[in-house]
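Here come two complexes built around subunit A, the first alongside subunit B, the second alongside subunit C.
Moving on to the complex of A and B:
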């Protein structure tokens, strides 16, 4: 009873946030609409990473690659082939997932740090291809002026387009998070040996998680192109991978929506502190140190804990009253 | 039901198990005893596929399972608990068992249905049979040591095994907890028709509950037989029981 009340409250809160987000572009200056759209794309990317890092316990160190592959696949398909946009939109995340499967297939044979190191190596290989294959990717110059249909190319058009797919992806991720697959994945994170002892094929499960996560990273890549109409090799560079890793840490590994908070903090810092100094990462670093000391569960994790504590207190109080009467 | 035939396993030239022999008949309660480092845990790891034997065979229901991965062996009907409490710390007690039940029902890869409505009845039945029903919503990491060990067994039951392998189920328990746990294990064996293989340090517990006892020493099987026979065996007394007394 209490729980369903609670869920209703959360649902209302989400609806209010969504309505606000839909109304924002009408009031906000174009620049802020654009920043919000950047946050959406980054948030989706961080969420997809957290599926495997926070919930899957895998050392997915080079997740940016799949974002870049999605973005490049979309840009290349739109510029080099005559395929309609919706088809490119569906195919590009699938390309990212296919690359995710290939790299994941090798990586799950190793554990922890070795997994991460191998992924960085294989991922850097893909970065090198994008960087060196000038004829196809224009190397360091990247591809600019990707033709996006008019209705999605204005800032507010892109904003709504991205918001729509963000919400869609988040719902899908939430369903997966609560499914037996998602629960089993968390069990694997806690204890892979125990999982195989209860009959779970751990490697197959992990590969599946990587494929799903890289698919969503691919979607984020496509949305990036819709917003920016360009791609460049930095999308595949390990620095970006590290950045989204930090976002998950900032927001809280073990919560569902934490990475969104982490992405918002990081993008906001980069945008607003970046105006004053190019050393904005310094502030990010200090923030990270403070966080590890004071909020080891992340920003979102902190609030969830507070929330649960107060709820437990209420429940205890209710029990006491019940016992007295 | 289970037959371990002349199994060897070494780690970096150290022979952990060398020539282990074990026979477990259906419905039996079998104990493996031996001093620390005798190779009991290694033997269990070899049976459940966590390790692959260098030599020898493990036969379960007439089938050689020594080369199968752990999850396939579990599917054949062997579930186990671990010596060091090995649960899913960040999941609730309920989910700990539910993971195993869902795996048994082959639903672990289902992506679309909400898990919290699945396998609820089966999971609750297992939790009530081991007496953890009042702690279902606690995080497994917050349980007491004794409850951890019980949860271990509950997770193993989630697989509806034919055979249960328990690695020191009462390690670190008080005498009261120990007798309660052994009582639980005997009750489970009867009600579920389980075959149970366990290892244990407490000799009273072993000789009171086991129908057959296998003694290991330096990785080798010295004898397997009825409790009386094992007690009267000279070699065992020298290697183990007598040594403890003297």
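Moving on to the complex of A and C:
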């Protein structure tokens, strides 16, 4: 009974947040709308990474590649082919997922650090090709002025477009997270040997997780293009991958919504500290060290822990009262 | 496509000298990996600091003496930086989860990267090798710049020195023992924390040496850390984590495929080394040589 009450409360909170987010562009200056949209895209990317890192326990070191592949696929399809936008929108994440399957297929045969290293080298291969294939991708310059239809190209149009798909993806992710598949994945993270002993095909689950996560990363890539109307090779570079890894840690990677918090913190830091000083990575580094020392569970993990503690106390109190009576 | 053998030969030596610089840096990374079990992302930043301090030292001391002084002092500067970072922060984290250590080194690389920007600014820097290295040496029908020849000598020297250190000295043996079984080393009364500090500083010293060695051959810029560290990680992985000779093999594979790639298909030259890494990892996932893990 208490649990369902709680869920109802959380649901109401989410609805209020959603309504606020829908109303924001009417009040906020355009710059803030844009920043919020950037946070949405980054949050979706971090969430997709956390599906494999936090819940799957895989060392997905080069997740940014799939984001970049989604973005490049979308931009190339729009500029080079005459396909309608909605078709490009569906196809691009599928391309990212296909690349994810290919890379994942090689990677899941290895474990921990070797998994990560193989992924970095395969990802760097894609980065190098995009960087050098000047005729197709314009190399270092990237592709600018991707033709996005008018209704989605204004800042507030892009904002609503991104918000809609963010909410859709988050709901899908939550369903996957709570599904038998998601539960199995978390079990594999905690004890792969035992899982395979009870007859779970560990590798197949891991590949599935990678494909799903890369699909969502591809969606994030597409949304990035909708917002920025350009792509460049830095999207595929490994520094970005590490950055989103950091976001998962910042937010708390054993929680569902943690990466959103991490993404918001990182983007806000980059934007607002970036106004005052060019040394924002220095501040991010210091913040990160503080976090590692004092909040190893991440910001969200910290609050969840506190929350659960207070709930435990309440339950204990209730039990005592019950015993007394 | 390749018309004359001379181009092939000189390209071979270009790749070889590049491999030697990579080896000096990667042996340090591999050493830290072997003893501390931490992929040190800040290694690239320390390499960058090595190159920048070499620049500053040659500015302070003019003439060829400056270069030689830089070759000695720049790695020491880097070692000092790493010692401070290790004793002040890193040594408190050894009990933590692996990923936390990785993220700490990433945070360190962010901080060091910005510190370099604060101290040296964002402009390109370059230093000249002393006059001794002007001109070129003819070797096996190919002419190679003297500085590259110097690198071909330094690389193996570092390898031998490192081998002697880890196999013939007490400290090196303790470090190797700590790599295999750190609890046992602690149990026989050795202060493991200081062994780790020593290994970390030695590894970073090598990063600084690599930075000082590469300084005359490239333009010294911010961002040189990012390009290097990813290559260094891949080299160490394909060689076998923590294995010094593995770092040598990996560096040779990486340097040579890149050099020959330039010859065969210049546009996609940077693709070749990554391709080689993929092939090696699929063929031998644990690296070419035995890893200490």
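Rule of thumb we're sticking to: the second predicted complex is superposed on the first by the 325 of 325 C-alpha atoms of A that agree within 3 Å, B and C clash if a C-alpha of one lies under 4 Å from a C-alpha of the other, contacts with A are read in each partner's own complex, and residues count from 1 in each chain.
The rule we apply is simple: contacts are C-beta pairs under 8 Å (C-beta built on N, C-alpha and C of every residue); 3 or more make two chains touch, one makes a residue touch a chain.
Just so you know, these numbers come straight off a predicted model, no measurement behind them.
K.L.:
Check the residue A:80 against both partner chains and state whether it touches subunit B (first), subunit C (second), both, or neither.
P.N.:
Neither partner.
K.L.:
Touch test for A:9: subunit B only (first), subunit C only (second), both, or neither?
P.N.:
neither
K.L.:
Which partner does A:208 contact after superposing on A: first (subunit B), second (subunit C), both, neither?
P.N.:
In the superposition, A:208 touches subunit B alone.
K.L.:
In the superposed arrangement, which partner chain does A:118 touch: subunit B (first), subunit C (second), both, or neither?
P.N.:
A:118: touches subunit C, not subunit B.
K.L.:
Of the two partner chains, subunit B (first) and subunit C (second), which one does A:279 touch, if any: first, second, both, or neither?
P.N.:
Second partner only.
K.L.:
In their complex, what parts of subunit A are in touch with subunit B?
P.N.:
Interface residues on the subunit A side: 175-176, 178-184, 186-187, 189-191, 193-202, 205, 208, 212, 254.
K.L.:
Within their complex, state which residues of subunit B touch subunit A.
P.N.:
Result: residues 48, 50, 69-71, 74-75, 79-80, 82, 86-91, 95-96, 98-100, 102-104, 107-116, 118, 155-156, 158-159 of subunit B touch subunit A.
K.L.:
Give the list of subunit A residues in touch with subunit C in this complex.
P.N.:
Counting only subunit A, the residues touching subunit C are 106, 109-110, 113-114, 117-118, 120-122, 124-125, 128-129, 131-134, 237-239, 242, 245-246, 249, 278-279, 281-282, 284-286, 288-289, 292-293, 296.
K.L.:
Residue numbers of subunit C touching subunit A in their complex, please.
P.N.:
Within the complex, subunit C touches subunit A at residues 39, 41, 89, 92-93, 96-97, 99-100, 103-104, 106-111, 113-115, 117-118, 226, 230, 233-234, 237, 241, 267-268, 270-271, 274-275, 277-278, 281-282, 285-286.
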